[in-house]
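Lettered A, B, C and D in written order, each chain numbered from 1.
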Amino acid sequence: MLYFENDYCEGAHPAILQKLMDTNMEKLPGYGFDPYSDAAKEKIRKACNCPEAEIYFLAGGTQANAVVISTVLNRFEGVIAALTGHINFHEAGAIEYTGHKVFGLPHQDGKIRSEDLQMYLQDFYADKNHEHMAFPGMVYISHPTEYGTLYTKQELTDISALCARYKLPLFLDGARLGYGLVSEGTDVTLADIAHYTDVFYIGGTKVGALCGEAVVFPEKAPAHFMTMIKQQGALPAKGRLMGIQFDTLFTDNLYLTISRNAITTANLLKKALQEKGYRLFLDSPTNQIFVVLENRQMERLGRSVKFGFWEKYNEAHTVVRFATSWATTEEELRQLMELL
Amino acid sequence: MLYFENDYCEGAHPAILQKLMDTNMEKLPGYGFDPYSDAAKEKIRKACNCPEAEIYFLAGGTQANAVVISTVLNRFEGVIAALTGHINFHEAGAIEYTGHKVFGLPHQDGKIRSEDLQMYLQDFYADKNHEHMAFPGMVYISHPTEYGTLYTKQELTDISALCARYKLPLFLDGARLGYGLVSEGTDVTLADIAHYTDVFYIGGTKVGALCGEAVVFPEKAPAHFMTMIKQQGALPAKGRLMGIQFDTLFTDNLYLTISRNAITTANLLKKALQEKGYRLFLDSPTNQIFVVLENRQMERLGRSVKFGFWEKYNEAHTVVRFATSWATTEEELRQLMELL
Amino acid sequence: MLYFENDYCEGAHPAILQKLMDTNMEKLPGYGFDPYSDAAKEKIRKACNCPEAEIYFLAGGTQANAVVISTVLNRFEGVIAALTGHINFHEAGAIEYTGHKVFGLPHQDGKIRSEDLQMYLQDFYADKNHEHMAFPGMVYISHPTEYGTLYTKQELTDISALCARYKLPLFLDGARLGYGLVSEGTDVTLADIAHYTDVFYIGGTKVGALCGEAVVFPEKAPAHFMTMIKQQGALPAKGRLMGIQFDTLFTDNLYLTISRNAITTANLLKKALQEKGYRLFLDSPTNQIFVVLENRQMERLGRSVKFGFWEKYNEAHTVVRFATSWATTEEELRQLMELL
Amino acid sequence: MLYFENDYCEGAHPAILQKLMDTNMEKLPGYGFDPYSDAAKEKIRKACNCPEAEIYFLAGGTQANAVVISTVLNRFEGVIAALTGHINFHEAGAIEYTGHKVFGLPHQDGKIRSEDLQMYLQDFYADKNHEHMAFPGMVYISHPTEYGTLYTKQELTDISALCARYKLPLFLDGARLGYGLVSEGTDVTLADIAHYTDVFYIGGTKVGALCGEAVVFPEKAPAHFMTMIKQQGALPAKGRLMGIQFDTLFTDNLYLTISRNAITTANLLKKALQEKGYRLFLDSPTNQIFVVLENRQMERLGRSVKFGFWEKYNEAHTVVRFATSWATTEEELRQLMELL
């Protein structure tokens, strides 16, 4: 069985496991106060060109979203996201569980447009009854999005400027950030993201770590952020587990280097699919490829390959997702192409 | 200044105040255990043809929605409502504050359609990842809706059957229920509502009471419902205040009698508007009339009449709402018509 | 049956009902923007000697506590209260429902002592692990307390100074404030309370209103307080109901005048009890009298008088509560004394 | 610097890291549906003598407590725990954050006594106003406790029987369970725990894992437990990380074998402390040793050894904690003894 279902089906990049081995019996303080966490943070600050950034390591994406959003929002506020945003659908109501509404904006291939955001904000404040409504308190975007698409630097600049005008923190979910940063044709760098957002996270789980997301506040984290992490059950006793992994990922550019493999293999796959006449649901520049399959074809292929069910296209067709990753090999690609 | 802004701008129907006076110095138990609350409940059970119904009195609509929804839902569930549903917009995120998501369905003049509901539910359960999503746990409808429209008995039957099939409690927000029950042409009775829903409330605040909504569980309330009311700060010490009001409203059919005045005056107003060439935004059969006004016309009229701002129609026009009530007089109507 | 079970067993003071009658058909804006609410607020500001105070009317005590505490606290904070504090026991976990811990301090006849508070705060900050604990974020006291006792001005000053030193808002629950203010021997005035606390409420429900508590922020309410009131389902559409009541209560000193009746009758009752050899559980200077009854005596008396069960004293005795109110008459007293 | 501050200062037991290496490039399903998670669960079921148990892996102790308690409790319920219980103090209000109260019972060396529990429950239900209070909905005990003490089988039986009588689920926090199970003199086995509780967890983080706690429901987990784990941000994408670790820990009895080292070294240390005249704060039979140090002595010792600050004993003395673990070596012990 070939495996293209997602980008988190292996363990960790071998360099990470090696570092865990090498440091295993060192006695270190808990809760992120170990020297590896410090080193990782320092390296991330450099990579973000953001010497004052406050950085915290959390275990996973839903956790990172729930902790960041619920600590940054005021009680009377909700978060604006694309209707397709991960927080709006696939996190089991984790944001609402913390007491906050998610406002769904229309999307274009998973991205929100600054025009739509502006209209939403204008209409909200123009409504004379808006004191009876939850206030917009934050804007959430994902990059890459749930459809693998990327914001351009111009789009990011526009959204960021709009957020600043309305005093709304901008939060970027970078669960797959590595794959976005090395996509061909993107003009958005890690430093740009640190510049244009108020908080974002650098995904580890989907980019070679066993677990872990690095939450970056380029300027300042909310007061007593650590206590609130603990309050949400998200403070790891052995903070070293995250620290060592991110220290490794941000040494010698490993994070970007291994991300490139996902892009290279995705591009090869995309080309092969197109050559064989498959219909792409949209043109994703990163490691997620969405294909419209005829249902029986989907069933047949599913006997030899694992891929992701995405959404119904129509009665006879389904959108499925093939994901490559830091670990995808040319041999796997070759086998997949034979089956297509 | 004429006042057509809403249906809660007066105090209470005089019979209610009289009864409060008459019973004022009686010493009664608190928390709803007084004989007036008992009598009111018994009269409501009769009116609903529902001898086993459990009934609780709460102070207002947002409170009733938040208490009912958050006590009926399981923790992993959200509530389905029309995108225009009151709980989705105008309650300051009160549902999400209790930890639950509101799923917005498309609407037709404020109503959800059973076809849309069915598609939503089918798609949800067809999605192989639905264990990663908040579950639909209840359906919320309002009757009359936020646009003054009404479900037909057939529509209610269809939605109810669908809910039963998916084991979803059906909750009807009756903040303006009186106005719906006496609308010309409706085929839905109070007994129908008790039959087709799992919980609903009979609005008092907007239909002649100082405050108060009667929450009716035709079969059974959640266990320890009173404790949860208290937990949400919604248990009135002097339960008599609600009991006496609903006892009065459900004596000699007062609730329906006073509701009729709102419909009669609304119909007169609608006719006058149409004769003068005004454009109705939609055809509401109850006491809320939505009119599309040219912006300067709106401004001019606003100097002599209070009405509700509803939504922008386009750059030059706005949708406004005129509401009649149990208290609207023919003299007020006459004065308004002169201004139109 | 005589009724001394609590101080909220009648309707409202007749002057309040009269004013509700007189203003009933006036058409007024909702949500507290009516002129009666404005007038009431202005009169309360004067009575508090606090011209800048922000004032909001809520319907009941648990609601006022839950709204104030959950809007003033930061997310990582809890509230300090006496173990016997109303919020700690008799509000069904309403504070915890909003996500915040109640820290129980030892009490002396229902009051917290500044020494205990100081020790608690010192120990908290001395604990090197305190970042792993919920922070103290507010101090809650009740005046009169749940045992009818009162803080002296010196005690209030000391607690207030300690709160200021630790930057903790001080919140005073005045559900029975009237009875405290007119107690013989108290040296605490309404202006003192406004001076020494950061937020407090003036109880209406137990002091002659149908419902209603006036929440006073002597300096400033939290931003968007009204939206958060709505979010907790506590914003009354007909704000006039509260406004008119408090306008009446703060006209010509009515609030204090009617409170005095409760104290006069309580003092007479206390004297009678002592003369007849009853044992007082503690010496309460307000309208709640706690008596230790032998269980069979309690049962016998219970056939003719309603009083409150308070707590088990020992196997053979029980503490019960007799409450007088603004409405207690000499005739009722006389009948009770005959039974004792 | 010697390190006796806690039992989670190393990485993982080498066998765990080896297994992570060996399986690293296998492509496995996420979210706990991998074969290692299955194998680990099966081994735990056997060890618990509980073939029907439902088992879930979470990342840490506070998370496990918050997820279990908030999913098992009804909305109107709180959890009973010793005043010293971890959930009551050192988890930043994580339980209250989910909306539930913690009821603090008196404790004896960290344990609750069934007599105190019984009195609490009797008093609660005897109180005629208990519908106005949060209901007891669960009993939480830790084993070993926060003071390293252990329940006897008789104590566990009594508490369990009492819980059954009141229909209260019994939850055992086993963050250090391994150390309790192999303590000399304990008569409580893993199978006993599965028999006498309704849910418990087997601690990994403090007993040789990088992270991870195995939550065991001997009979049945709450419906849609996985969705609620996700909702609290606690569902790991790479469930294999936990599965592989627990599979290793429960292969060939590794969990108990490595736990024994902590007990052996703790006993040696205890003996040495007593011989040198140190005063033990209490007699803990597991791996945490609490010593009363004179403050200057504490300071001097602190220059060469890391230990835990526990609580102030009096002005001149402090209680500190020395913890041994699966990794403590005789050489470390020897060095520590020289310093004492």
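Quick note on the criterion: a residue touches a chain if its C-beta (ideal position, glycine included) is under 8 Å from a C-beta of that chain, and two chains touch if they have at least 3 such contacts.
As the structure is a computational prediction, the values presented were derived from the model and not from experiment.
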Contact-richer chain pair [B-C vs A-C]: B-C
Most distant chain from chain D by Cα centroid: B
Centre-to-centre distance between chain B and chain A (centres being mean Cα positions), rounded to whole Å: 41
Approximate Å spacing (C-alpha centroids) for the pair chain B, chain C: 33
Chain A-chain C separation of Cα centroids, rounded to whole Å: 50
Of all residues in chain A, the ones touching two or more other chains: 75-76, 91-93, 97, 99, 132-134, 227-228, 230-231, 235
Chain D contact footprint on chain C (complex, rising order): 75-76, 78, 89-93, 96-102, 104, 123, 126-129, 132-134, 309, 312
Chain B-touching residues of chain C, taken from the complex the two chains share: 3, 5-6, 8-12, 14, 17, 20-21, 23-30, 59-67, 91-94, 97, 205-206, 210-211, 227-228, 230-238, 240-241, 327
Chain B-touching residues of chain D, taken from the complex the two chains share: 70-71, 74-76, 99, 131-135, 223-224, 226-228, 230-231, 235
